[in-house]
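Here is the structure we will look at, set down as structure tokens.
In this document, chain identifiers A, B and C correspond to the written order of the chains, with residue numbering beginning at 1 in each.
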């Protein structure tokens, strides 16, 4: 053991009465820790979710094109996406750690997997729901296969696709709270820390409230986008 | 015909998907070829004292120009040890007794220095090593409300034998540790204990609510300074000697400057120091990083 | 990066051995898991199903149905579990409350749209035949809307069973307790318990499909 001069223990400052009594809504804690705890967590959460939905969209889109074009591939892809959804998020995160480490990548791989089910199914359903008449009109106008796809089928599938993105976005924001179990990012982190600190109510309510608000805002924005893109239907 | 902007949106969607797919491909390729600089990747377990320790070592090293990657909140010793072995981290603060009895599964050493020696020996056999231990120790403890202890008339853990049945809460890994539940059952013969695993909540929350008889507390917990709780005496020493010593790869330990910095920090960590820091974080709700910064600064290490 | 070197695909197989070796433990945890899930689902059914069916019948409360659906999806499971714990303290009911809230939206919304969407002509015809409102709902609208109603219940059931794993963080017990304790049970334990959760959700889905087929009076219309 090393012998050294005794340490200087600085005054770290004490907590306000509200914090010490574990009040429901300690405004002084909120003011003090918005910048160093809540805001960074919120920003991380938005990043995690946005990346996951973005990548999930891309992959699901390519898969949907495949499953739509080559019908026989649809059931297996669908089953695979379904399967991912039944894996509990806590387990999937832990499973991925040996492969992708204690990194954002692990969380993103898991989050993307969960979006695939919703997005894939919605996209394929949307493409399939295009009415035969529209395809016949296109054929009658002499459009090529890819022209038909890009000018008729895809645009008509947009409502279903956006509806899928909406559900995927909200559910990703929800699952991303659990990500704090493996990496110290996102709004789940203040919640886990507060749970350990004798259920510090203010932090739990603040972080939880932000997560709910984030999901609602995302939902509303996507509903608006849905309306803008499909004025002919009241979605 | 379909509105123009919807068609555009559809084309945009397609373009975005392709672009994202290409970007993923490129970044994974780039990440694979990133060159390595000697970096310290610090891991910590999932409770207050570990967050503080992690911040202390991290900031001390960063102040002297080292690049430090922070992987806090990994989990229990068993899990963080897996992370160390698989190269996900190369440095973490561990309790010497836990290394010897829970990881190495060797019998209880008889003193703090014997514990450290045994831990060092075991880690070195695996290709890792320990730096100097801290003056403070943090052992688990059989904690209960003072009122409960009075009511049951118990002063030592052995006294619990006369209690017909009782509940004991702790981290999940406590279930399979000789320094915890297994010790209570096998060494003290308390077969009537009912284990309550706590994945995220504090033992003191349950004690205060009266939901459990006793729980696995840590000797440096700030709650134990309040006088509301009492720790039963561990006459058979199942909780061991638990000074903290940083576990790290031999490669990192070969750097004398790094060793000096880390040991200088460890030397200052006495029981009053760590207890004050734990209290600042857990009770006064200060950030571990801020608390560590203040401590390092006050001691000329930050 | 030392990736694949540390990952053992054997973990997936070891998980089955874990299940075999720990059948008793898994059985008791599954029992706890089901107790929590089924209680929450039951309460949600009692609260949401009659309400959804009745509102759909009356063609009222579209805003409520849509709003509950949106709000319900926006409630992150971990947040609800944490709120439940904070407000109700640790025990059985904090997690039950959280899971019930999570189950309600699917049941309510699907029930509403199922009944609301039944063809007006059929309902009018039934009304013309002199059936009471309750009879119309139970004997005409419900059978026709049954697939959608059951779909809502199925979604809620799967969601609750999967989310009950997170309840382990708040003392909920169940299979989640193994999943959060990689230290004691190892990764094969975590995977093994997940297999059980997936199996439970599959079982629930199959059971509900069977119930739907059994209770449906006529073959489902081709969509």
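List of remarks:
Basically, a contact is a pair of C-beta atoms (placed from the backbone, for glycine too) under 8 Å apart; a residue touches a chain by one contact, two chains touch by 3 or more.
Quick caveat, the model's predicted, so the values are computed rather than measured.
Annotation: A-C is the more contact-rich of the chain pairs B-C and A-C, by number of C-beta pairs in contact. Nearest to the common centre of all protein CA atoms is the CA centroid of chain A.
Computed centre separation for the pair chain A/chain B is 29 angstrom, with centres defined by C-alpha atoms. Between the CA-based centres of chain B and chain C the separation comes to 36 Å, rounded to the whole angstrom. Mean C-alpha positions place chain A and chain C at a centre distance of 20 Å. Shown for chain A are the residues that touch two or more other chains, namely 98, 101, 195, 199.
Multi-chain contact residues of chain B (touching two or more other chains): 86, 200-201, 205. Each of residues 1, 6, 85, 169-170, 180, 182 in chain C touches at least two other chains. Chain B meets chain C in the complex at residues 31-32, 75-79, 85-87, 171-173, 175-176, 196-201, 205-206, 209, 211. Of all residues in chain C, those touching chain A in their complex are 1, 3-4, 6-8, 11, 70-71, 73-79, 82-83, 85-86, 158, 162, 165-166, 169-170, 176, 179-180, 182, 187, 190-191, 193-194, 197-198, 201-202. Listed in rising order, the residues of chain C touching chain B in the complex are 1-2, 5-6, 85, 89-91, 168-171, 177, 180-184.
The part of chain B that touches chain A in the complex is made up of residues 2-3, 5-7, 9-11, 13-14, 16-18, 20-21, 24, 43, 46-48, 70-74, 82-83, 86, 88-89, 112-113, 132-133, 135, 200-202, 204-205, 208, 243, 263-264, 266-270, 272-273, 276-277, 280, 282-287, 290-291, 294-295, 297-299.
If you check the complex, the residues on chain A that touch chain C are 83, 86-92, 94-95, 98-101, 167, 170-171, 173-175, 177-178, 181, 188, 191, 194-195, 199, 201, 204-205, 207-208, 211-212, 215-216, 219, 223.
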